[in-house]
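Structures incoming, each one as structure tokens.
Presented sequentially are two complexes of chain A, the first with chain B as partner and the second with chain C.
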Partner chain A sequence: MDDVDKCLEKLKRCELLSQATIKDICTRVIDVLLDESNVCEVDAPVTVVGDVHGQFYDLLEIFQIGGECPDTRYLFLGDYVDRGHFNLETITLLTCLKLRWPDRITLLRGNHESRQITQVYGFYKEVVQKYGSADVWSYFCEVFDYLPLSAIIAGKIFCVHGGLSPAVLSVDQIKLIDRFREPPSEGVFADLLWSDPSDRDGFNLSQRNAGHLFGKDTVERFLHVNGLSTVLRAHQLCMEGYQIHFDGLLATVWSAPNYCYRCGNVASICEIDASLNREFNVFSAAPEDRREVPSGQAKQVPDYFL
Partner chain B sequence: MAAAVPLAELFATPLVSLNRSRRDVIEISSTAELSDAFSTLAENSITSAPVKDAETGKYVGFIDVRDLTSFLVHFGAHIDEGNFMVADVCAAGAGSVLDNVTVSYLARRNPFKGVKADATIGDAVKLITTAKVKRVAVVNDDGQAEHIISLSDMILFFATHITAFPESFINATANAMFGKDVENVLCVKATQTVLEALTIMDDHKITGIAIIDDDSGAIVSNISGKDLRKFIKNPTYQQLHMPVVEMIKALRQASQVDIATPAIVVYPTTLVHMIVKKLAATKVHRVYIVESESHFAPIGVVTQTSIIKKVATFLPADDA
Partner chain C sequence: MCYQWVLTGERVGRRLRRTPAAVPVEDTFLDVVVMSSGSKGEQVSVIGASYFGQGTVVTTGVCSTTECSCGSGSLELPVYFGGPAFAETRDEQASQLVFVCIHGGGMSALSFAPMAKHLVAKGLSIVAMDLPAHGGATDGPLDMATLIGAAINSARRVLIDHNLLVPGSGASESSCPAAGWDGSTPAAHLVLVGHSMGGAVATRIAADPQLSAGLPAVGLTVLDVVEGTALAAADGMGALLAARPASFDSVDDAVAWHLATGLMRNPDSAATTVPPLVVDAGDGGEGVVWRTPLASSADQWDSWYIGLSELFLAVPHRKLLVLAATDRLDTQLMVGQMQGKFQLKIIPDVGHWLHEDDPAGVANTLHGFVHFFGWMPSEH
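After this line comes the complex of A and B, so read on.
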């Protein structure tokens, strides 16, 4: 693992790896991910991280605040890429951490870990700009196909990127999904990555055209059937960094401060101790003197649309 | 979901009960500058607004984002190069090639159809299908528009009460109800320019078009009325000549915080009630029918208007 350590040192300086090295790392991490269930079992204590979206310097802030991996056990809920200026550095760092310490970091799949979405929201474009071709994008898309879909912390806290599905009452049903593919636009797989909580009871169609809106009653039923205590998810911007729903039965954690470098929000990480007490550690964007502005990189969003 | 209501009762529902926005009708004066008229649409997130003649006080028609499409196409055809803003050209006045294109000129192309305050949903359905309008104005006794009811308002209503319709309708498939109509699915290739896309839309008088991959023909995304509203906030010559897919990507990145899928599609086997609910939930004006997940080329399109036309076939005999 000496080679991975060297990669990690380079990445923490925000330096990209060679295309050949990335290909090798991606191939090796797929072997690790193959052994993981669609529903990973994660021990406590653990720190849960929401959407990061290529905000590399804010990811480094997370490790400053929460502790470095492997000292701190981490569970990431997906959406590592798109929107930010350093999608490549972000996903490469996380992939190397997973390869180096597979038992100390769990990476779930978010709705942005998809060929269709990354072609629209920035990751694909960044790869072509930085490497001159889309090969590295296709290596990571293959890694995305192997990311697990959910996790349960200490048998009690269900973690997923988006939310619940009308087609799933038991966690065992999630274990049966064939996840090794591009996410479909409908069905349980799509629901887990795209759904959002709602004030309306039951399941309803979502404005996102994927996933469902799910109400408090569906969360109560799901937790009861599976002997769980709460749901922890990401997927939606929270201006305060996190949001508690349904009298504490569900929480959203959001980990990209000043999202898209203009939303002005704070972010948080959810620290869960051995007794499953939950604390949201709120933080702001990395200070200016600790981040680089991409040089020579075309603006991802022209000013005239802001 | 609301309990099933008899269809006759559904159609007898007062039209004004569909007005969700509860805000005053936004109107535009016939003397307004074109750029101000388009800005009004964008700033208020509306697709159209009634135009009132400044002298007579009567409604001339509606100005619509489709008019902006026509305007930009006309502008794009007459300007060879340069860094012009459309707003500058609108304000140019005498000597401009677009001198005769006024708010009134554009509004007369979209007729103002008003109904009285006691009009029903059935009345609106009939008006939409016979007069081919996209919205119905509810006017008071003085002829003043008090509510504008859109196709989206009506689709939401029918989605909520979908079980009122016969099973043979709501459980029909997209293929059976709307057929395979590839020739009439208007598309633009991803690398074609924004101007080329707008030209196709203007030629066919539509507010939406599918964007397809140059090689595979699969739907990548689409241009919608919402995109046009955002586009008109600050259009420039360069944007008109960008690849249309790059324009849409930039628009979506800038405007969406919690994203939706890039393309909104249904399949030949999707049932009608799901299509109506999807239109209501996503608030889009059309969904494209694609063959399957692996063959994503469009083979048909279902619009709000095509749903309303089907609904019209259930109007009571004396209303139809």
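After this line comes the complex of A and C, so read on.
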């Protein structure tokens, strides 16, 4: 794994790897991911991270605050790419970490880990800009196809990117999903990646035009049937970095501070100790002097708006 | 020709191999209709038949949201409509879906003509009007209240005439934003669609219960306008308008200019949508000039856009925002989108007139929107 160590050193300096190296790493990490279930079993203590969205310097901040991998065990809930300026560096670093320490970091799939979404929200464009072709994008899209959909921490905390589905009552039903493909726009797979909690009971259609809204009663039922204690998910921006819903039955963790470099929000990581106590460690964006400003970012100022 | 890349998967053991396949998408060609004679009613009828299905002229009062002056002035507004909801032999029991489309500043109802054909092909219906001082409509002020009243009244007339909207007991034909509408009942699913300035009109209608009562909709779609970006661009907009040619030698020249400057990217659409934007110079002048005095509306722009993002987020209907690029979101909408408050759809490779640049793509998006929420018209 010496070569992966060298890659990690380069990446932490925000240097890109060669296309051939990335292809090799992606191929090797797929072999690791192939063996993971749709529902990963993760031990505690573990630190859970929400959406990162290509905010590379804030990811480095997370490792500063939460501890370096492999010293700290990590579970990432998806949405590694799109919107940020360093999507490539972010996903390459996380992929290398997974290859190097497969038991110390778990990467789930978010709704942005898809060909359709990344073509529109920035990852595809960044790859073409930095590598001159879309090959690296397609290597990572193949990796995305193998990312597991959910995890359970110490048999008690259910983790997923979006939320629950009306078609899933038992965790065993999630294990039956064929995840090795581009996520469809509707159905269980889509729900797990797109759903949001809501004040209304039951399942309702989401305003996002994808996934469902799910109420407190659905969470209670799901936890009870599966012998779980809480749900931990990401997917929704929290101005305070995290949000607790349904009297503690569900929490949202959001890990991209000052989202898109202008929303002004703080972020958090959820540190879970061996006794399954949750603590949200809140942090702000990495300071300006520790960030690189991306070059060649021509901002498209729209001329007409009438 | 444009191609959509479709990925086909093939399993080999437990590994996936993917090969892209090019799937050609149907070309769209619209016949260009140029009318040089005939009454306004005749012209509207022919244009309507060519692009939408039908056309009519609605006469309505000029009122504000606070003051009724229905008797003191009148606007003549061409309204175009088409689709199964307006068919002569329509099954009254079957549900219908009608998009009520409000065009952008300086444009006309024909802005939606390229898209109309695609919507109708999917069993959906459309109504689009010329707002005051635009296209074939008579002149009128461009304040938000007048635009709102014009949009609601013209759409209502057509919907009521075709039994797609049942007026309440207190409402009459000349009801206006000031007088309000009591208890009108939709007999179809109505979705408001607004482009740019029209998006501000549509949002303000949807956000106000009194105005919503005039056009009771289930969904709102805004095309490429965002408060933050609009206000940020406002300073440069005056200069942009001043830099436009004041006149063109011919309608064809006007079409060519829109394409050459890159403002519009689809020649077939521009050939349809640009002609209504210019009129004969008249008074011994040569060539054609701009129909709408956009530059003089500058003092209205703030009132069109200030507060729009908050209003959009507060609209109780299902909402879809279609943008030409992700950069166009302002902070308020960015937060709202990441909190799942509405659907965001980015259309690639288009400009500000995205429904003209990619009419099939935008029609598909609208179809997906109404399909997801179960408002699709029932099969006949």
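Keep in mind that, in the parts below, the second predicted complex is superposed on the first by the 297 of 306 C-alpha atoms of A that agree within 3 Å, B and C clash if a C-alpha of one lies under 4 Å from a C-alpha of the other, contacts with A are read in each partner's own complex, and residues count from 1 in each chain.
Heads up, the rule we're going with is that contacts are C-beta pairs under 8 Å (C-beta built on N, C-alpha and C of every residue); 3 or more make two chains touch, one makes a residue touch a chain.
Keep in mind that this is a model prediction, so the values were computed, not measured.
Could you tell me whether chain B and chain C fit or clash when both sit on chain A in the superposition?
Verdict on chain A: clash between chain B and chain C.
Just checking: does A:R83 make contact with chain B only, chain C only, both, or neither of them? Give me first, second, both or neither.
Both partners, chain B and chain C.
Applying the document's definition of touch, where does A:G122 land relative to chain B and chain C: first, second, both, or neither?
In the superposed model, A:G122 contacts both chain B and chain C.
One more residue to check, A:G264. First (chain B), second (chain C), both or neither?
second
More residues of chain A in touch with chain C or with chain B?
After superposing on chain A, more of chain A is contacted by C.
Given the touch rule stated above, what does A:N204 touch, chain B (first), chain C (second), both, or neither?
first
Is A:M239 touching anything from chain B or chain C once the two structures are fitted on A? First, second, both or neither.
Second partner only.
Of the two partner chains, chain B (first) and chain C (second), which one does A:Q64 touch, if any: first, second, both, or neither?
neither
Taking the superposition as given, does A:S133 touch the first partner, chain B, the second, chain C, both, or neither?
A:S133 sits against neither chain B nor chain C.
Touch test for A:P184: chain B only (first), chain C only (second), both, or neither?
first
Return the residues of chain A at which the contacts from chain B and from chain C coincide.
Residues 83, 119-122, 196, 205-210, 235-237, 259-260, 263, 300-302, 304-306 of chain A touch both chain B and chain C.
Enumerate the contact residues on chain C facing chain A in the complex.
Against chain A, chain C makes touches at 7, 9, 14-16, 18, 104-106, 196-197, 224-225, 229-230, 232-234, 236-237, 240, 263, 294, 297, 301, 305, 318-320, 324-328, 331, 334-335, 338-343, 346, 348, 352, 368-369, 372-374.
Could you please specify the touching residues of chain B with respect to chain A in the complex?
220-221, 230, 233-234, 236, 239, 249-255, 257-262, 264-265, 277-278, 280-283, 293
Okay, in this complex, where on chain A does chain B touch?
83, 111, 116-117, 119-122, 184-185, 196, 204-210, 235-237, 259-260, 263, 300-302, 304-306
Flag every residue of chain A that touches chain C in the complex, lowest number first.
Chain A reaches chain C through residues 30, 34, 83, 115, 119-122, 138, 142, 145, 180-182, 186, 196, 205-210, 235-237, 239, 259-260, 262-265, 299-306.
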